[in-house]
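Okay, here's the structure, questions in a sec.
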Amino acid sequence: MNYKIQENYLTVYLPKEVDHYNAEEMRKEADLLITHNHIRYLIFDFGETEFCDSSGIGVIMGRYRLLNLLGGEVWAVHVGARMRKILTLSGVLNIMKIYEEERA
Amino acid sequence: MRDTNEMTIIFDSRPVNEGFARVAAAAFLTQLNPTIEEVADVKTAISEAVTNAIIHAYGNEVHNIEIHCSITGNLFQVEVKDQGIGIEDIKQAMEPLFTTKPEEDRAGMGFAFMEAFMDHISVQSRAGEGTLVTMEKRIGKERETWTTQSL
Amino acid sequence: MRDTNEMTIIFDSRPVNEGFARVAAAAFLTQLNPTIEEVADVKTAISEAVTNAIIHAYGNEVHNIEIHCSITGNLFQVEVKDQGIGIEDIKQAMEPLFTTKPEEDRAGMGFAFMEAFMDHISVQSRAGEGTLVTMEKRIGKERETWTTQSL
Amino acid sequence: MNYKIQENYLTVYLPKEVDHYNAEEMRKEADLLITHNHIRYLIFDFGETEFCDSSGIGVIMGRYRLLNLLGGEVWAVHVGARMRKILTLSGVLNIMKIYEEERA
């Protein structure tokens, strides 16, 4: 899993294809990093992501639950049209905000 | 039968084969000249059904999953079949957010995605005997509409 | 069996499926992390065997072609099977430039390409009963050598 | 099939994948163009070609036979490493020359 930690921010760079096969590793590694590094802000970077099924949504929801317990937040960046459709459809946009670079 | 092109893939229910299954189906779909969006829709739906067979039907034991695809005119049909534990209450299983494996971070959105991305889905299942998910999608619907309108 | 990953594809012997067959096999091969060259080798060999089944075995009638792939360690094995006319003289058929369909511009290089791009090939066939082509290739040979040398 | 005719030169731009499925159409169309346009030089342009099996070799050999009867020649341009390997292996480099742009 590719990631970056800055203070209490963890950025996870999601792979080209997010499915159950690679979601397994991601959720375990992310949880370790979150609990060991006092993470409060988790940022999912979809810049490279071309494919994502509901296993990816499960990873986001699970991390949201953990961050929520810790009083933190979950964000998404570099969300293309396809990912936006999937995030909208699954309702996770109610718990995770999209960071729009253009407006920043 | 004359104008129907068909293929079947049978493979081990290993997570590493999830990618193989959707790429194989997408390669077969190519002959309908689908849009990138249509390919993504079909790949997602198949990925959902295959993942369910791996984790729910077989509980991560290695058994066979069978996918049958057929193309008739512009209609793409796909069946995903397992011989796993089956589904007791299909109606409940298909409700968004319903999952029997929340501890594995399942979102309960698998069937919802299949319904959203395909035109039609039907599920046949019997406890202890396995599950058959059948899905259909017409390819090139937007192009058709566009052609008709432009006349 | 434990460490072997397997898949089978069965499809109509239509020319449009030549591309599907080699892409499906390449997608399965991906898990061995092959080089682009190794993928091209396997795709070419499978394309040859599938084309032969379509034009020679079935003479352009539509019947089933079956491909079985397995991965054990870094060994990729593929079988391409038809139930077509079969081959009378296998030795002669495998000679470079030999073809029974020169009028269709066949180069007679199909078996030569399979031999060149795979590590091993064997052909079982009987007139009237069909043909089974089995091929093997070890993936990552160059990387292995390189690792050994660098120690 | 993509092609260009200039005087008695026919350039055939080969597709991304050359196999039996698309070779069929190519050989028929090329033969019509050659006989109807007094073609003497046939140039196969492999610039876009990523995949080619022995059906592609059959197309080249067949066109060579026709051009040879007509007293013409067959050339190849934009030949990458993979295509060069395939052309060498099949022996067609004995009947078709590669036009090397660097040396031109």
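Just so it is clear, A, B, C and D label the chains in written order, and each chain counts residues from 1 on its own.
In the analysis below, a contact is a pair of C-beta atoms (placed from the backbone, for glycine too) under 8 Å apart; a residue touches a chain by one contact, two chains touch by 3 or more.
Small disclaimer: the values here were computed from a predicted structure and weren't measured.
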{"item": "Rounded Å distance, chain A centre to chain B centre (Cα mean)", "value": "25"}
{"item": "Separation of mean Cα positions, chain D and chain B [Å, integer]", "value": "41"}
{"item": "Centre distance in Å when chain B and chain C are each reduced to the mean of their C-alpha atoms", "value": "28"}
{"item": "For chain D, residues contacting two or more additional chains", "value": "none"}
{"item": "Multi-chain contact residues (two or more partners), chain B", "value": "16, 19"}
{"item": "Topology of the chain contact graph, where touching chains are joined (line, ring, star, complete, other)", "value": "line"}
{"item": "Which pairs of chains touch, using the document's own definition", "value": "A-B, B-C, C-D"}
{"item": "Complex contacts: residues of chain B adjacent to chain C", "value": "5-12, 14, 16-17, 19-20, 23-24, 27-28, 30-31"}
{"item": "Touching residues (chain side chain D, partner chain C) in the complex", "value": "17, 19-21, 23-24, 27, 51-55, 57-59, 61-62, 82, 86, 89-91"}
{"item": "Chain B - residues contacting chain A, complex", "value": "15-16, 18-19, 22, 37, 40, 43-44, 47-48, 51, 54-55, 96, 104-107, 109-110, 112-113, 116"}
